[in-house]
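Following are the structures in question.
Two complexes come next, and they have one chain in common, chain A, joined by chain B in the first and chain C in the second.
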Partner chain A sequence: MKAVGRFLFRKRGHGGAWHWTDVVTWIWLILGTIIMFGPALWLVSSSFKGPAQLAEFPPTLLPYVQEVANVEGHDTPLPLYMVTMEDGSTRVMAEIRRIGTSAQMVDPADPQERVSVPLVDRQPLREVGLALNNYVDPFLAFDFMRYLGNSVFVTVAATLLTLLTNSMAAYALSKYRFRGRDAVMLLIVATLMVPLSVILVPLYSVVSSVGLLNSLWGVILPTIATPTGVFLLRQYMLTIPDELIEAARMDHASEWQIYWRIVLPLAAPALAVLTIFSVVWRWNDFLWPLIVLSRRELYTLQIGLNTYAGELNVQWHYILAMTVVTMIPVVLVFIFLQRFITTGIAGAGIK
Partner chain B sequence: MARFGETVGRVAALPLVLIARALDPLLRLWQRWTGTGGMIAFFLLPNMAIFGVFVIIPLVLNVVYSLTGGIDILLKDRPFIGFDQYGRLLECQDYLQPTTCREDQFWTAVRNTALFVFFQVSLMVCVSMITALILNRKIAGRGFFRAVFFFPVLLSPVVVGLIWRWILQRQGLMNLIVTNLGFDPVVWLNDRFYAFSAAVGVSTWAHMGFYTLILLAGLQAIPRDLYEAAEMDATPASRVFWRITLPLLGPNLAVVLVLALIRGVQIFDEAYVLTGGGPGTSTLFITQYIYEVGFASFLRNPGLAAAASILMGLVLVVLTLVQLGLSKRAEKERAR
Partner chain C sequence: MGRIALRNIRKSFQAVDVIHGIELEIDEGELVVFVGPSGCGKSTLLRLIAGLDKPTSGRIEIDGQDVTQTGAADRGLAMVFQSYALYPHMTVRQNLSFGLENQRMPRQEIATRVDAAARMLEIGELLERRPTQLSGGQRQRVAIGRAIVRNPTAFLLDEPLSNLDAELRGTMRAELSALHARLETTMIYVTHDQVEAMTLADRIVVLRKGRIEQVDTPLNLYNRPQNLFVAGFIGAPNMNFFHAEASDGLVRLPGGAEIPIAHEGPVTLGLRPQHLRPSARR
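What follows is the complex of A and B.
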């Protein structure tokens, strides 16, 4: 225990009193953890609250659901309330129906006796619980299943194509000498300067003239020739020794075989980094799908969410739940692959 | 974990392996026929074709669009009007007063973006610098805290926007905190000042982890013996920071600064989901202006949007060239 304590509160240098910088460090780290994780946790907690609870102020930290009880003579469970009686005592009662500003209530222990109680004299009885309908309804009643499918399709197809085209180009640019190689490389690096937002209008016209408007392929194709991916893979492939390739050529391997049986497996670490990046990029894409897709059944999750959140009557209980669903793949990537990403960024300075 | 990932990867790759194998005889024929040159062309073709169609051609067309008028998206229906679109964008009596300009929305967006970039980049550099310095210390659970600050970077802009919209709404968490501190609740996103500040704060929250990582990599590349020497001379910590850390981190800091500038100029997604440009035009930024003029607004004008995007592109090109120069210098310094 003592060793753990010493480890946790290790200070600048060894031994000695706490330096003020240690205090600042820990305040910063703890506050930082709250600010970075807090909003997402708040979202998850809110996403399990029912619509009535979401409209309350002050909001509670945890989601609650109304307690219910089965009362003799009623088919469905009735909601329970804490009722303040006229003599000041309190009783737990179930609501049968509301009439104007009062409610007809019944004591679950004594189902025969009905009492009329003014609404102001009662408090709902609640327990910590999850409003799972927030998650179930959007998939059944709305198009979220389809949005999810579209998002998965776009992400998987775009990532596979990105890996294929980028690795082929990177292979040619790293393992062959030919005239114009530097020019091609320069062209690719130069297009790093051209973000999507600069070519929105003409790109729209190109995509429309090849007939890809309102098609998921119109979302996928313009994104797959990423200069970052080519650059990253090429830098990695340059470190693969040429002797391996020469030896394969001696054994009459075709160039295509050399590419997919020797170079690709050896470039696996770089391919893994690019896969992670590509999945996160494509899953999160917003502006371009927003422009290409105008038919509702083609929306990706991001566009669908934004559309529902932009409606006049925002149904927050559904929006919050679907935001959590949208967040899940990225959180999984974060939990399992965070190490690869952080080293990838530190190494190449890309995102 | 690694073993499991490998198995999954193998199974997923199986159909691809079969396709690759099936392609081999065909490509052998192609190789015999055209030689290595033909194979190089084959390897480059898919990527470069997509590049050409979806990046190079649009780049050229962008200029054409900006020089033509009308509301049609089809080029053959668009009359040539020279530099009128640029003239329209730049016509202004007083550039500091957007309302005196012909395209007041454009200048509002330019002013908002400039202010946004100024505040967001300053905040971003300060916060990520402090975080990187702290994460570079010998602290318990450094890997965990590094991950903590990186977490929001992966979230989609829509998720980021919605999370904060939910926190900043009338019955939200922010008002809970504010009322507990004894202040009156505020409808944050309906107030021009707070909405703009929220856009700055939220985008900093979402991206600071990325810049922190770059700075942290730079800090870790500083040779330890320099600090040891300083410790032996009993140099005060502030002096160590100004004389050793900052100069040696300089190139990384410059890269972070310019990268943040480039990204700041293009701000759109999370701000759009958070505020939708409002209230009024208080959070209207250039990319949203281009999007709305080009696609969404009632008075669509693709030419005007193209001209505005070219002006923005020029700013970005200058910034990127600066960045490339700085990275090259950083690399040289590291090699030395």
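What follows is the complex of A and C.
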């Protein structure tokens, strides 16, 4: 523990003095942490706030909920307020209803006596608490499970197909010699410069004429061939020694077996990286599914979330809560696969 | 089984000619060593025989059959690579059986062969380990084992000992020699180390710049080199060369010695250092 502390707080200056680079480093790192981590934290804490609290200004850091009390003669719990009376004293009172700029309030201890209080004279009584309704309601009312299912299907199918097709292309482009190989590679990499929005209309007409509109396969198929994936895998496969492939060839392995049993297992670290990329891309895809899918039961989560943003009314509390939920799988995938990123075993059989 | 013949083999990479018309016959059960300085084309020649590369022109025959256009897998040869090329993600057992599985051999047969090879090479206790967990010598054995289980018509070995330390190289050399005596299979062995060549070979093929300089038994190469290159290449320390003049069937040296020779005019005289003796006379 002491060693960790010493490591974290050591300085470049002599005898523990602050060197200017220490100051800059600390400022830089703290700023970086806030910039990188702040929005995520803000999202999570805001997802637990009610709609009123989200709209208020200045915003609060922690989620609060209004305190309520059961008052005799009323079926539902009433919200509590701290009311400043005309004589300057303060009392805790419950609101029955609002009328214009004043509210009809009642003392929970004395339910018979009703007082009219101007809105400016009262403050809501709140405590730190979580508005779990943000999470619970969508699971009940919103078709969350169906959207989740669609998203999972799209992500898993697209990722598996991406890994398969991209690794096959990468193997051919890295280990076979044929005329025009470099030109093909250049062409593939060049498509990196073409964004989706440019080819959106032609792509739509292709998918439409194939009859894949309003089908999850219409979302999956156009996305599986990724230049990034081919490039990433090819660069990795270039590092697999040719001698391994020649040894397999001497060992009666067919070209498919060489690919499937030798090259793919050795390219596992690169495949893990591409898996992370692909899962994140497909899970977060918005524009393309929005265009292809117009039937509600086919919506993916991201499109489903979009239904909370109406033209006149945006239900931020649900959007924020569901955004947190949709982030979880991506984070999990990252946690499970990140160890593969750093470990390469391809060179291990050689010397 | 295991006669290999090369007929006027040529190989060029784009505009560069690497092998210039090689003629060679290798007999059944022979251990032939290709030796030569680096860049002489000895590894290329081995790859041509293996079928990993195709010759630009010429024919390769195995047991009288033209295999020039046959793929590497169907030539019935086994190769041991310089880097061993063991599959790093497989255990030793899987490494050994991979080639047999690809031939759809029954499991029982595979197990028998793997066990037999493991016993012969004393790698039985390593079968469940991965190549990363083996030492250099152990990897070498596994690489040889992978060749043995295939029961090939000939072994091709591409500088198999160059990654081992000097002591291990000596023992492995003896083992390879014993292995060859036991299996009686044709072996083609590529090396740049003339000690390996001289100790292992039945016949040595000396290559330079894509041409064969001489093919002969080790002793004949040493005692009767056919040209200056072979004379200078074989033997350590190197042979000493002197320019001299021959006349009347004799070369007269400045010290007074006379050597009979069937040649007239300028000659180059080669003397091995160990044949010189200190003399008492001045």
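Heads up, the rule we're going with is that the second predicted complex is superposed on the first by the 239 of 351 C-alpha atoms of A that agree within 3 Å, B and C clash if a C-alpha of one lies under 4 Å from a C-alpha of the other, contacts with A are read in each partner's own complex, and residues count from 1 in each chain.
By our rule, contacts are C-beta pairs under 8 Å (C-beta built on N, C-alpha and C of every residue); 3 or more make two chains touch, one makes a residue touch a chain.
Since the structure is predicted, the reported quantities are computational estimates derived from the model, not experimental observations.
Asker: By the touch definition at the top of the document, which applies to A:Leu266: first (chain B), second (chain C), both, or neither?
Answerer: In the superposed model, A:Leu266 contacts chain C only, not chain B.
Asker: Is A:Phe336 touching anything from chain B or chain C once the two structures are fitted on A? First, second, both or neither.
Answerer: After superposition on chain A, A:Phe336 lies in contact with chain B alone.
Asker: For A:Leu192, using the defined touch cut-off, is the partner it touches chain B, chain C, both, or neither? Pick first, second, both or neither.
Answerer: Only chain B; A:Leu192 stays clear of chain C.
Asker: So, A:Ala109: does it touch chain B (first), chain C (second), both, or neither?
Answerer: A:Ala109 contacts neither chain B nor chain C.
Asker: I want to verify the contact counts: of chain B and chain C, which reaches more residues of chain A?
Answerer: With both complexes superposed on chain A, more residues of chain A are touched by B.
Asker: Between chain B (first) and chain C (second), which does A:Pro241 come into contact with in this model arrangement: first, second, both, or neither?
Answerer: After superposing on A, A:Pro241 lies in contact with chain C but is clear of chain B.
Asker: Touch test for A:Ser254: chain B only (first), chain C only (second), both, or neither?
Answerer: both
Asker: Thinking of the overlay built on chain A, is A:Leu31 touched by chain B (first), by chain C (second), by both, or by neither?
Answerer: Once the two structures are laid over each other on A, A:Leu31 reaches no partner at all.
Asker: Considering only the contact definition stated at the top, list the common interface residues of chain A for chain B and chain C.
Answerer: In the superposed arrangement, which is not itself an observed complex, chain A uses residues 254, 257, 345-347, 349, 351 for both chain B and chain C.
Asker: Across the complex, what residues on chain A touch chain C?
Answerer: Per the stated touch rule, the residues are 241, 243-244, 246-254, 257, 261-262, 265-266, 345-351.
Asker: Could you list, by residue number, the parts of chain C that touch chain A in their complex?
Answerer: 50, 52, 71-73, 77-79, 81-89, 98-99, 102-103, 130-132, 136, 146, 150, 163
Asker: Applying the document's contact rule, which stretches of chain B touch chain A when the two form their complex?
Answerer: 1, 16-17, 20, 23-24, 27-28, 31, 36-37, 39-40, 42-44, 46-48, 50-51, 53-62, 64-65, 73-75, 130-131, 134, 137-140, 143, 145-159, 162-167, 170-173, 175-176, 179, 185, 205, 209-210, 213-214, 216-217, 237, 255, 259, 266, 268-269, 273, 276, 287, 290-291, 294-295, 302, 305-306, 309-310, 312-313, 316-317, 320-321, 324, 327
Asker: Inside the complex, what are the residues of chain A that reach chain B?
Answerer: 7-8, 10, 12, 21, 24-25, 28-29, 32-33, 35-37, 39-40, 42-43, 46, 54-59, 160, 164-166, 168-169, 171-173, 176, 178, 184, 187-189, 191-195, 197-208, 210, 221-222, 224-225, 230, 254-257, 259-260, 280, 283-284, 286-287, 290-291, 302, 305-306, 309-310, 316, 319-320, 323, 326-327, 330-331, 333-334, 336, 338-339, 341-342, 345-347, 349, 351
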